[in-house]
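Both complexes below contain chain A, partnered by chain B and then by chain C.
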Partner chain A sequence: MFIITCPFCGERDQSEFSAGGEAHIVRPKQPTELSDDEWADFLFMRKNIKGVQFERWNHAHGCRKWFNVIRDTSNDKIHAVYKMGEKPPSD
Partner chain B sequence: MLNINYPKIEKKDYPNLELNLVEPIHKLNLRGKSRDFFTKAGRILSIMLPPEPNTSATIKSISALWLSPDEWMVYGKDIEKNLMLSLDSEISKLNLGSVTDVSDQWVLINMRGKNVFEVLSKGSSFDFNQFKNNKNVVVQTLLNHVDVILHHNDINNVDLFVRKSFSEHLWLWINDSSSFL
Partner chain C sequence: MSENFRSSETKFLDKTNRISFKYNGKKYYGYKGDTLASALLSNGVHLIGRSFKYHRPRGIMTCGSEEPNAIVQIGGSGSFTEPNVRATEQEIYEGLEASSQNCWPSVEFDVGGINNFISPVIPAGFYYKTFMWPKKLWYSLYEPAIRMSAGLGKSPTQPDPELYDHNHLHCDVLVVGGGISGILAASISADNGNNTVLIDDKNSLGGSTIFQDDENFKIDDEIPSVWLNNQIKNIKNKKNLIIKHRTSLAAYHSYNYLLARENLADHKSLDERSNKLRQRLWKIRAKKVILATGAIERPLIFNNNDRPGVMLANSVKKYIDYFGVRCGNKNVIFTNNDSAYETAISLNKKGINVTIVDIRNNSSSILVKNAKNAGIKIYWNHTVVDTKGYRRIKSIQIMKMSDDGTNVIGSKINLVCDNLSISGGWTPMVHLFTQSGGKLKFRDSDQVFLPNTAMSDQISIGSCNGDFELDDVIKNTNSECKNFLSASVTDYDSLTISCPKQKESKNIWLLPNDKPLGKTKPFLDFQNDSTAKDIKLAMREGFKSIEHVKRYTTTGMGTDQGKLANMHALGIISETAGVKMGSLGTTTFRPPYTPLTFGTIVGRNVGTFFDIIRKTPIHEWHENHKAKFENVGQWKRAWYYPKNNESMHQAVQRESKAARESAGILDASTLGKIDIKGTDASEFLNRVYTNAWSKLAIGKCRYGLMLNEDGMVYDDGVTTRLEENHYVMTTTTGGAANVLSKLEDYLQTEWPELDVWLTSVTDHYATASICGPNSKNILKKLFPKLEFNDENFPHMSFKNAELNGINCRIMRISFTGEHSYEINIESKYGKSLWENCIEAGKEFNITPYGTETMHLLRAEKGFIIVGQDTDGTMTPIDLQMEWIISKKKYDFIGKRSLYRSDTMREDRKHLVGLLTDNPREILEEGAQIVQDEKKQPIEMLGHVTSSYFSPNLNKSIALAVVKNGKKLKGQKLLVPMKDKTINVTVSDFVFFDSKNERLNA
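== the complex of A and B ==
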């Protein structure tokens, strides 16, 4: 269990949130031109690294807004939280 | 079909805690972002929708609760049909935002007394330490795994909104928890 700071509501327990997987995966501009392998790569393949990862989270039991989190998956330390559409902090 | 007799909730008293069903009461869900939406909603309701997160505004018997950056709940006994029609014609029909009557979707339970936050803390991970010292604050959280909206409208006086289908279960849990006070 850990605390996540929702950019809209503030600090809340993790149980109020749902994880939405890896962030910043860009949808291909021309999906019809992709091979099956490239499309499968876009749909299913995720880095799933042990360490600092960029993730999407949803405050499902609060404001119901999506936002981005930079989280270390090895110890659940959250390095930054930022809104959708914003660029990740540089440090 | 909607069962108007559900949930069966009767007033209960516990040490320093009073539980009461506050129904029927009108509840509206307002969603919008534009400046026109804010202006029209404010003019029709005679209340400014609070832009600050986790806050509320109350004028007379109508309260507006912040739910998200573009969503509010407005509730009160003085919400008349004319007011709802005005919101519908001046906001919904002009596509400035959405207005939904959620009176039958949410059940309002009023909790008052010194032990309100003792009971709420038993089933919620939310930190009530600051919340209980401030009036007109709102939080959407989980209480005994059930989604609730809590409006602290006066010190030790909380309006709790719960979805109708979960209301009886939560009511039984609140009573069970209160019996150990």
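== the complex of A and C ==
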């Protein structure tokens, strides 16, 4: 059970959060222009990396805000937390 | 009168406090401070139980949590009984009752003992291979024997009456283990201003140093036990140090999150513990963790090394030095290292006969010299090849070893003994370290795994870190803690320590024997009865991974997780496979470190506290009117209201007729309600629902269908435009939280430019839904100022109103097909609103109805229930709801998916109606639908989703999803049941008032 630093509330127990899958998958602005394959790629395809992964988390039992987390899935080490719309820290 | 084995005075027991207890029905005495094991040993009782597979007699081996054999049933047969308690940890109390496990009819004469004699046919993997055996023998002999003897202990048959608790604890530094290194670490930590918690699983601190009285060991010119005792007194006064006794660490998770079980009552007699907590689970979050979990002595692996009376040497020392109990009158110590000589010297000093068998050629340690000077006979370069004695060891046979240690030579020497103390060196307890994600390294010199890289802010100190000498333990603990806690000076910087050093070492995982391996029983896992030959057999059969060998032989899979001999198993595997020991790795150590009771895990979350229960503000009224309730998510919803012993069917038929003939009233408070505000609210609704919302006039309501991005129906409900930029959305009862979370997701991540604010108001309003031809008349009585004609207050519109001065929102919407109103009022007035409705409706026979009738009425109308008639694979087109998909809107959630090749398939499952050929026959929900029963394999076309007997149509009706259903209208299908096949015809799914005339009636 790890600790996540919510960008709005600070350090909180993992049990207050819910995971939202891979980050930085943008919903296409013009879905009708996409082929079935392109749409399926957006809809279904996720990386599921063993290692450093960019993820979305929601402070579900807190401020209800969504934000991004860079987490190593092999050891749960969290490298960075940043708000929606922000660019991931470069290092 | 049996012999008393309590041979010396000890300061650790309260001799004035004599305690009686029962073991296997017989009364014994011990003293306050005794464990069940020490008290039994003081009475000369060694035989405790029978082993799991072969039912061999087994005795007490150790003095701690690693005990594999001495596990007992505590308490009688009632609710207080507990199986698998380690006698070495259970403190005795007045009236304690304990009994042996895994033996029938008694531990002295155990029928299962036959397994021991048929053991040549129960090798490793026996249970996997069993069905290959001749059937006849299996049924007549093996199975009955195994069934009679299977399982460890008895579980209680009544609910646990005791209280358990959970508690959170946050600290700067958590020290695990109250031996000398843990005590020093806690002291250093507290002195440096850290809020420190020290936990230890025993009733007093001190580990094995607290009974170290040997004069060859000195700390600042004091013998260690005296010096340490002063340190313990000292730390008890430290303000920022909390010491928790009888608290064992169960799990060490990442980010220094740890679970510990504090035992508050198990050492007390039953009347002392009434109405008090039994155990507490501490959920600890520590900034830093110091592990001082110590080391466990290794056994030696030789033929018949499991008899009662075979014990670990250091445990024998604890029994004599700490508890004052001798484990035998004629002791043999069998060792491969110097530490067992401490036991020999302790016994010798107390006048107890002792002989030593050492597999080494010699040792130059002071301890060995002292043993020699005391006149103790030592057999160098010898090994034990056999032991005798069924219920207690009687003698051993030893032989000289060849120079390379692989063989025995010469003739056998017989030694009579009643105790065999064995020592194979020490294994650092790295279980918790690895649980936390730490990686181990292997030290070749003494064949131990040690902590290497840790995943969280922690260190391991003392013998769990591989320091086995007193001076190393103290000096390294001091320096490592200073470093870890950034302390500049400590009380222990300039201690002078003297201690005998470990000298010559020799390690042989499986000791040689004069007999072939197949004819011997060298036990590795005493609880699960796996032997060295099982390991070798598994490897011959092709198992290579240690995880596979473990599971095949069940080595290390008992309640003790093989704490004693996992290392030997690894050693034998690596030797047999010819690979280096360190390269194999270890098996995974999983939590809990020692078993936890279910009570501790669950804490207070039992009975009514098991899950959250949500009740509507009108709940009390339903209870007073004898409603039956059903669970909908966490909600308790009125299901139906039986009158005069009505069955459910009778009640629902009555309620359904009343609602259509005059008036019915439903508590709809549980429906999810989301308040939506903002200048972009209309645009937002356009994007989340399939239909168009921009043109919805203020004061109007609209039904909406919400899809997932994959095009499947996710939720539905009616949304009302209260003001220009203010809507209230209703969702299904079960979907409320998920819908809000999904909408927030889109708002925050995909469309942050939209000015929209969402608030859950489900609990803020209570809702009474009144339907039926007389609903208008009832509303007129309640709201005399309001005009209820169809022009002023048409279907799908909303009005603000007042009831006795309290604001209400009235929506004219219908889920039953009847002329119908939903009245929303602030929750606290909910019950009053309901009572007003009932009062006003009396003259119209207003009938309260529950969820079952609601479901029936909407099924008559063919209205779906998301989650019942849909299952996450239904598009709106599948539901024949094309009318709700806006053609004009460029995009909405899920739109693109409706044009994927799979969602456009013509032969998907569609929602249809089903009518049984026999109108009295009611289909079962979930029943499968087929066309041709004879076709093989039989083709499943779909299933029944909703089914009722309609009192208003006087026939059975059902909704179903059926492959290609739209094209099957009018066709005959079959619903095969267990004892018959029901003939059905596919129909339209609107069964009642298909022209919607009753809405405006």
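The definition used in the following text is that the second predicted complex is superposed on the first by the 91 of 91 C-alpha atoms of A that agree within 3 Å, B and C clash if a C-alpha of one lies under 4 Å from a C-alpha of the other, contacts with A are read in each partner's own complex, and residues count from 1 in each chain.
As a convention for this text, a contact is a pair of C-beta atoms (placed from the backbone, for glycine too) under 8 Å apart; a residue touches a chain by one contact, two chains touch by 3 or more.
Every value quoted in this text rests on a predicted model; they were computed, and no experiment measured them.
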Can A:Y82 be said to touch chain B (first), chain C (second), both, or neither?
neither
Does chain B (first) or chain C (second) touch A:F54, or do both, or does neither?
neither
In the superposed arrangement, which partner chain does A:G62 touch: chain B (first), chain C (second), both, or neither?
first
Would you sort A:G10 into first (chain B), second (chain C), both or neither based on which partner it touches?
first
Touching A:A40 in the superposition: chain B (first), chain C (second), both, neither?
second
Would you check which partner chain A:T32 touches, where first means chain B only, second means chain C only, and both and neither mean what they say?
second
Common interface residues of chain A with chain B and chain C?
13, 64-65
Would you mind writing out the residues of chain A in touch with chain B in their complex?
8-13, 15-16, 61-65
Of all residues in chain B, those that touch chain A in their complex:
53-54, 67-69, 71, 125-127, 139-142, 147
If you look only at chain C, which of its residues touch chain A in the complex?
253-255, 257, 285, 437, 455, 709-710, 741, 744-745, 748-750, 752, 890-891, 895-897, 899-901
Can you list the residues on chain A that touch chain C in the complex?
1-3, 13, 18, 20, 26-28, 30-32, 34, 36, 39-40, 43, 56, 58, 60, 64-66, 75-77, 84-85
